[in-house]
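Before anything else, here is the set of structures, which you'll find just below.
First chain A sits with chain B, and in the next complex the same chain sits with chain C.
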Partner chain A sequence: MAKTGLDGHWRGPTIVARALRDAGFEVIMIGMANTDDIVTSAVDEDVDLVGLNIGGHIDVAIRSIENVQAVRPGLPIFAGGTIPPHAAKQLEALGVEVYLSAQNICILWMPQSS
Partner chain B sequence: MGEPTTQTLLKSAVEGERSSLARLLSKIERDSKVENEIRTSLAGGQATSLVIGITGPPGAGKSTLISALLSHTTASYEKTAVLAVDPSSPFSGGALLGDRVRMQSHGLGDRVFIRSMASRGESGGLARATSTAIQLLEACGWPLILLETLGIGQVELEVMDLATVVTVILNPGWGDTFQANKAGLTEAGDVFVINKADKDGAQQTRADLQDSLSLMHSPVPIQIFDTIAVKQDGVESLWQGIKDYLKDAQAVGLIEQKLLSRRRRLLMRILQRDFDDRISAYWRSDRGGNQVLSTLAGDLTIEALRNDLFAHMTKLD
Partner chain C sequence: MQKSPTDKAVYSRSGIELKSFYTESDIPQEHRSRVTSNPGDAPYHRGFHPSGYRSKPWRIFQLSGFGKPEDENERIKFLLKNGETGFIMEHDRNTGDHCYNVDHPEVVARREDVGLTGAVMQSIRDTAICMDGLPIGSSFGHAGGAVVQHAPFALASYWTVAKQRGFDLEKLPGTGQSDFNLTYLGCVTKEQIPTQPGLRFNADIIEFCDRYLPYWVPVSIAGYNAADTGLTPDQELGVLFANAVEYLDEIRRRGSVDLARAARACGGVSFRASIEFIEEACKMRAARLMWADLLHKRYGISDPKVANLRIHCVTAGSKMTYQQPLNNIVRGTLMALGAVFGGVQSLGVSGYDEALSIPSEHAHQMSVRIQQILQEETGISNVTDPLGGSYYIETLTAQLAEKAWIFFDEIQKQGGYLAALDSGWLHACASENQYQEFMDMERGDQQVIGVNCFKDDGSPFEVDGFMGTDDAFDVATQRLKEVLRTRHEAGAASALKQLEADCRSDANIMPAMMEAMSAEVTLGEIGDVYRDVFGNWDTPIQT
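== the complex of A and B ==
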């Protein structure tokens, strides 16, 4: 579970991580992370699922998604956060499914594992 | 394309492929048969890596201190692996492994390998798979392994069995002279750290600890270091202190003595685990299950159940 971008809002990823923990998942929090950190963690921890909290700079998230896919093809990735509409379109172009909820845009993407 | 076999993964991990090493670590955690296979494959290999145990209560700053140590350890040993254990929930079986949060952005790239491990029901402060994970990291050419326990209390000290040197991290206000003289934690350390040393009570904690350690009669002086890990303060001195300890301990033959008792305890634990596995297999088998039910109903004594278990142990695998 990683947070891309620079803001410090921890509530979202923490609540999701906690819910997963209570559902029996082992959740590795890596905190505020750059693209390399996310890729290295996904490989070294041999994860089954990557969770991204996206805020602000969408470029970091896009690069992270592309780089994780390059080293772990087919690995499911889910993401959420407050995303402006233009950024949501960029993610949609990557095959991301976009869900609208209230005033925020939430993004959830779960490609099929190969 | 099927999943590569354990032996294929092992070959490529030993050749330095990180993703194979990572996958094997998962397999070791999941399956004790794979763990045994790897242990057998690696048998005869010399334990050449230095294992530094880092232990202490929750929130003492173990992960932060490891993060601060990495630039020093990689200067001395080129590469450093970290195994960081955090607790599994006894309720859901899930875990929130947060050690990596403190260790991000070390900027050392491939020279550092960090792996989180959930304790998965083990009570010694480590995970069941930790000892085999260390053996595997050794075989894959990691010369230095920093082994971080989960946040411990007083007796979860399995780290002593695996580490060449045990570093105990405490904080100011940790306790008084009576805490410092209680059995367990203060007996297990070779090097002590008072982290967050800018907080009130650091001097008193040092005095209490010093007092207790002076009665240990260790052949090598046990030192106490003050650090403020988030600021890197005192971390270089600590690393020097660990190296000094190793040199002194080597000179008086203490390391050799420790390795021997470490191997003895490890051997004992492996045997105990194999017994545990066999007891579980018996428990799950039709015969064992029926015997257990009869015992619970009072038709069979515990002694009779035990005799039946021992008689069937070798047949269960």
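== the complex of A and C ==
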């Protein structure tokens, strides 16, 4: 789990992390991380899933998603945060599916099967 | 015997069990004599002044800012034109909160984020653009130093621009903030100075304002930031006064400022006004009661001018929903109403697009209009403390204060407010509440209209997020190069050296900060000094 921006609101990612831990996942939280940190962590930790808190501009999130995809094709990525409708549409155009959870928008990447 | 649904225990957000109705005998014994006091009289829970909003309407005071300094300037002027009666200058979070210049690698890696939630102000030249034409002598300005490590820069740059424009600092009105709850509890920065140097900065600002800016509120503790991180209303009260005690104890230790004047300076605070608006109104009343009590018992201060707490209030951003965003206009109105019932002096209403982005121009205007409708059409300003004397309101006010003191005492047992931040104890309290609140919504125990019930949206309105401008990073990069190329380099180097020397000693850093502003030292250079001298706070939570 990482935050793509430098906005430190931690409420969202820690709630999600706790829910995942309760469901039996091991969660590695790397906090505010730039694209390179996220890619390195995804590879080094050999994760099954990448979670992104994308509280900022959608381009920063897209860069992270694309770079992770480049090194770990097919790795599922999910994200949540303050995502305005036009940004959600941009993500949908990339093949990301958008769901709404109880408290905030949550986006789940459904990778192409290959 | 089987219980009917009406027998089920009901609790307020603070965990106080609520009766289905109240009578005189419910009012706690120690509170009964207070009920007969008048607004403006000790213990002040009934209000700041007997004539209340008749003589002084609450200030319409909205968070504002994005993009380039000129974008922010334009938005502030728009709000003032629409009737805002003070203004708040937001700084870019990436650069401002972290004291980075825009060429810092962590900022470059997120260049599109720059300017998203505040204007980029790296030197006094940027601040001057943002302040251009603003009525700084007659209106009430928030210079944007909400973050502890950023505040000395934000304040000194604002004051230096004001001075250069011929304003007398001795008469300049406005407010700082320097709030620990913001970046040490709620919205933790990637890097920031540890809490003890932060306390020193705040005490330095209090001293400096006491000497040179008597009409400026030097620091303003924001219970808001604790509450929107998850603390309950009683905890919000407890944490705010535990924080105030850190400031006043430090000022008393220094002995450089008259304690009563320092207490007056620290007595302009902010709270969150959330959706359970009756409890929130009681919270504002309890806050005034507690402040008077604290000053009297701990510091022997009972001067009415000091013991009368002044409250700014912001409606709860986290209660604004992504779904059916126009419903948030109703939520904003109700939360504002709670604040006004509580007798606050100043108010900001979150935008109806809060869950999507920073406010669009229209959402911002609506936040002002909500307050104007309350002020001008409802007649709410005619009578002070309209809920005063209600069995329920008085009981809940007293119960909240009692419960808040228990939380205050718990914080003292943790070693005090700053120690409870350093250890992560407050984060754990907030985190537990966050999760319970989330699960209440997931399970449907807490119904939120349009989110987990009544989901069909028949509204034809499409509301999208407001993304500001897309040239903030590029323009800031150009302007940084420009200032570094054209400033008087020897003067800037010498001012920076003096600032570093003062940071390393126990001198007040503000005079050197003022000199640094005049010499056009940039934000990132100052941040580098801080990082070198003070190091980095050991963040107790992993986000």
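What we mean here is this: the second predicted complex is superposed on the first by the 104 of 114 C-alpha atoms of A that agree within 3 Å, B and C clash if a C-alpha of one lies under 4 Å from a C-alpha of the other, contacts with A are read in each partner's own complex, and residues count from 1 in each chain.
In this section, a contact is a pair of C-beta atoms (placed from the backbone, for glycine too) under 8 Å apart; a residue touches a chain by one contact, two chains touch by 3 or more.
Remember, it's a predicted structure, so these values are computed and weren't measured experimentally.
K.L.:
Could you tell me if A:L20 is touching chain B, chain C, both of them or neither one (first, second, both, neither)?
P.N.:
Touch partner of A:L20: chain B, not chain C.
K.L.:
Which partner does A:V43 reach: the first (chain B), the second (chain C), both, or neither?
P.N.:
After superposing on A, A:V43 lies in contact with chain B but is clear of chain C.
K.L.:
Between chain B and chain C, whom does A:H86 touch in the aligned arrangement: first, second, both, or neither?
P.N.:
Second partner only, chain C.
K.L.:
So in the superposed three-chain picture, is A:W10 touching just chain B, just chain C, both, or none of them (first/second/both/neither)?
P.N.:
In the superposition, A:W10 touches chain C alone.
K.L.:
Where does A:L94 make contact in the superposed view: on chain B (first), on chain C (second), on both, or on neither?
P.N.:
neither
K.L.:
Does chain A have more residues touched by chain B or by chain C?
P.N.:
Partner with more touched residues of chain A: C.
K.L.:
Please work out whether A:N34 is in contact with chain B alone, chain C alone, both, or neither, and reply first, second, both or neither.
P.N.:
Once the two structures are laid over each other on A, A:N34 reaches both partners.
K.L.:
Considering each complex separately, which residues of chain A are in contact with chain B in the first and with chain C in the second?
P.N.:
The answer is residues 18, 29, 31-32, 34 of chain A.
K.L.:
Touching residues of chain A toward chain B in the complex: what are they?
P.N.:
So the residues of chain A touching chain B come out as 17-18, 20-34, 37, 41, 43-46, 71.
K.L.:
Would you mind writing out the residues of chain C in touch with chain A in their complex?
P.N.:
These residues of chain C touch chain A: 93-94, 97-98, 105-107, 109-110, 112-113, 116-117, 183, 186-190, 229-230, 318, 322-323, 355-357, 431, 434-435, 438, 441-442, 448, 451-452, 462-467, 541-543.
K.L.:
Could you please specify the touching residues of chain A with respect to chain C in the complex?
P.N.:
That would be residues 3-11, 13-15, 18, 29, 31-32, 34-36, 56-60, 82, 84-87, 100, 102-105 of chain A.
K.L.:
For a test of understanding, state which residues of chain B touch chain A in their complex under the given definition.
P.N.:
Of all residues in chain B, those touching chain A are 18-19, 22-23, 25-26, 88-89, 91-98, 100-101, 104-105, 113-116, 118.
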